[in-house]
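Step one of this worksheet: look at the structure below.
Chain lettering (A, B and C) follows the sequence in which the chains are written, and residue indices restart at 1 in each chain.
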Amino acid sequence: MISPDVLALVTTLKMAALTTIILLLIGTPLAWFLAKMQSRFKVIIEAIVALPLVLPPTVLGFYLLIAFSPQYLPGQLWQQATGQQLAFSFSAIVIGSVLYSMPFVIQPLQKAFEQLGDPLLEAGSMLGAGTLDRFFNIVLPSTKASFITAASLGFAHTVGEFGVILMIGGNIPGETRVLSIALFDHVEAFDYAQAHLLAISLLAGSMVLLSAIYLLNRAAPKTPKTAKKAKRVNNEP
Amino acid sequence: MNLNLSFQLDFPPFNLTIEQALSLQGITGIFGHSGSGKSTLLRAIAGLEKNLVGTIFLDDSCLINNSDRKPKTFIKPEQRHIGLVFQDSRLFPHLNVLGNLKFAAKRCQNRRLDFNEIIKLTELSSLLHKQVDELSGGQKQRVALARAILAEPKLLLLDEPLSALDRQAKASLLKLMLNIQKQLQLPILYVSHSMDELQQVCDKLLVLSQGKVIGYGGIHQMIHQLNYTQNHTQNYAQSHASHNAQVENDLHQQTSLSLPIKTLDNGHGLAVLSLSSALDEQQEIYLPALAKNTEPLHEQTLRCFILASDISISLIEPFNSSIVNHLFAKITALNSQGNKVLVTALYGGKKKNGGEKKGQEQIFFVNISTFSQQQLALKIGQSVYLQFKAGAVRTYLY
Amino acid sequence: MKFFLPLSLVLLLLALGGSGSVVSASEQPLRIAVASNFTPVLKKLLVEFHQQTKINTQVISGATGTLFLQIKHGAPFDIFIAADSARPAQLEQQNLVLANSRHTYALGQLALLSMTSSARLSDLHKVPQRFAIANPDTAPYGKAAKQALKYLNIWSQYQPKLIQGINVNQTFAQIRSQAVNSGLVANSQLVLNNLTGVIIPPAYHQAIAQQLVIIKSSDNINNAQRLSDYLRSAAVQQKIVDWGYASFGNNEQEQSHDQP
């Protein structure tokens, strides 16, 4: 039998990783769209993306709870499509986290895309690179650092999320009980020793993860690549 | 290769309206001051400006058709097989020099050029493993040029590729461009605001002003035409002395020439060019000796220019003068410009008493003060001697 | 590109890694939604309950208000052990609970806690700088605290001094950390933490009846019923009293129905 806290840790990592993947998949095109958009509506979309920063998590969680419940349309549609109730499921906390952590992923990407601008893309198209080619071979490598920032912010913020999950998760072990909520439970139950232990492991784990990512980002740049490639070059056609 | 331009592009307050057919052989220069629309024209041809109204045809293929005529067409820039070298290089910072070159070569569908040949031609062998940010401005542009060539375009566009470089880097890149053009037979459109650069390398010149074409023709002819129309800086030395001042005021009244080389060095520190006249006379033009290793010069001829302010007029042949060049010519026009007069004189035209016209006529431009004109009582049709020192025959490259 | 492959791989592994361990047990455990102030007591009682019945349980602890909202929106709980009687009554009105399943299982006792001195009831008449109570509008112990202060005719003096916790657990934490010197909390909290305070006489406020209901949509109603019976058995009731709740003897029915 796994300890409940380990189970909560596993659930948390799973949720945060899935949330980060989804956010990168939908956040990248959205950030690109926002960076290139010239219309007046841009401000409105940006404001919507930033809303989770303004709304108290429990308030956002409350509205999500209503939306996900079987009594309202989104929850009903989900139930029809999957045969399962959305509220209080793992899917629900992932969707909630995606919404809640969205600005942390979109904003760094949008800034990076805006900063990158058109010059390198124009250079790419003049060399015969099509849209996707330009994205994967010019945009991605040039904005790598921002992708790392976006992913780590999104991941870390999701790990630390509490209010939204408290509302829509239902604190179900192995399904929706995540670390932050387990921690809160320990505090509520006056089980401070367990709470301290969990808090310290959460902090330590996040420290290690974030420093590893930043270290990786800093170690990645130019000089080592040069040495590696130097050997291959002589056999160029 | 023919390029047919017929479009309008609005960039309030600028407007670019071009109706022009260009026959692209060798290097065609596009000259204009900033804001004349020359870079925008290049971007339109490249496909980077989509909002134009009208058509652009390259030979028979329609690059864009946004006019009322159907069907509407827009060929994406990446499908036009047109290369563009930007003023600011735009090398990919995440790739080294070799990576940048391979980016282009990989995407070229029918590779005909030899990768290593191009690297040799552009003198990049020693730079291949450098990071982009380790390169000097001139090196960056050489990489950009090589990269554009490796994509093997049908037409190469150069957008002020030298404007950020120092004089020496400019000269070496201009030579490289001439060399590449000759070896690859690649038509080039070359945008610049520097007439000195254009004069050295272009075969034809398109002149833009405020979004309109104001002239198109052979390089010498167009430069001579501009002597009458543009605002000119009077003091060449001054405008070239300071690096910053040269940008806008690079235009000087001048005589632009391509002359066959007789000797690079006649043993007295002078090179000799020959100027043939209608009378089958060979007039020699002296200038400071050219370095021996300047071969091969452009078709064994030298591009050079003589500023109008460097030529003076004498009514008698100046035998007893230190000034080595003197030509007998006939005044064909006098244009008063403030207290200066621009004298147009024709060398090698028909003699007064007739005779057959065989060789070529050469027009010369002389700038003198109104005071001198009145002193000498110069009139149209009058024959005079034009005189200029060897050092007045200038060439930007050699 | 070279960087993105490992990054996405790591994320994917994390995302998939957990999925194996979330297999449900062969039999779905009884899901108990319990008000957080009763959770520690319940957990202790569940050990014996499991020994007697072999029923597996899952404790979902939360604020009564939050749990109420979640049940309203379809949370998959089997039994709801609330900290008040109002929310169970509302669920009953909305026909979300099993008929006749609403019972009082404990009577809360309000207590004065002071961390600076051993408290006496008469201390209440000296209005302190700061005084902590739970939110009188949403928390049952807060409501009782307000009633007690009103009963003593000191509510208006206390009102500007009040620090309000969102629930009585927060109020307790505020006092225990000595951020606030004194306040009114649940007596059960004092017992659990080996603290001593003064029990406010029950006459000062309406009874804090804590009720439980069995959720109608539960597919584990039998086990829920067994837990309900167990909690209300005489032996267990005595234990609950030992944990700092008031005893309410035989008048359970009366208690449970005179609440609004």
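By definition in this document, contacts are C-beta pairs under 8 Å (C-beta built on N, C-alpha and C of every residue); 3 or more make two chains touch, one makes a residue touch a chain.
Just so it is clear, the model here is predicted, and its values are computed rather than measured.
Path length between chain B and chain C in the touching-chain graph (shortest route): 2.
In this view the innermost chain, defined by its CA centroid being closest to the centroid of all protein CA atoms, is A. Across A-C and A-B, the chain pair carrying more C-beta contacts is A-C. One inter-chain figure worth recording: chain B and chain C are separated by 88 Å, centre to centre, where each centre is the mean of the chain's CA atoms.
Computed from the mean C-alpha positions, the centre of chain A lies at a distance of 34 Å from the centre of chain C. For the pair chain A and chain B, the distance between C-alpha centroids works out to 55 Å. Those residues of chain C in touch with two or more other chains do not exist in this structure.
Among the residues of chain A, those in touch with two or more other chains are 137, 141, 144.
Within chain B, no positions touching two or more other chains are listed.
On the side of chain C, the complex with chain A involves touching residues 1, 3-4, 7-8, 11-15, 17-19, 21-22, 24, 31, 36, 39-40, 43, 58, 60-62, 66, 69-70, 72-77, 169, 173, 189, 192-193.
Those residues of chain A whose C-beta lies close enough to touch chain C in the complex are 2, 7, 10-11, 13-14, 16-18, 20-21, 24, 62, 65-66, 68-71, 75, 85, 87-88, 90, 136-137, 140-141, 144, 147-148, 151, 155, 166-167, 170-175, 185, 187-191, 216, 220. Chain A meets chain B in the complex at residues 119-120, 122-130, 133, 137-138, 141-142, 144, 222, 225-226, 229-230, 233, 236-237. Contacts from chain B toward chain A in the complex involve residues 46-48, 76-79, 81-84, 86, 88, 90-96, 98-99, 103-104, 107-109, 115-116, 128-129, 131, 147-148, 151.
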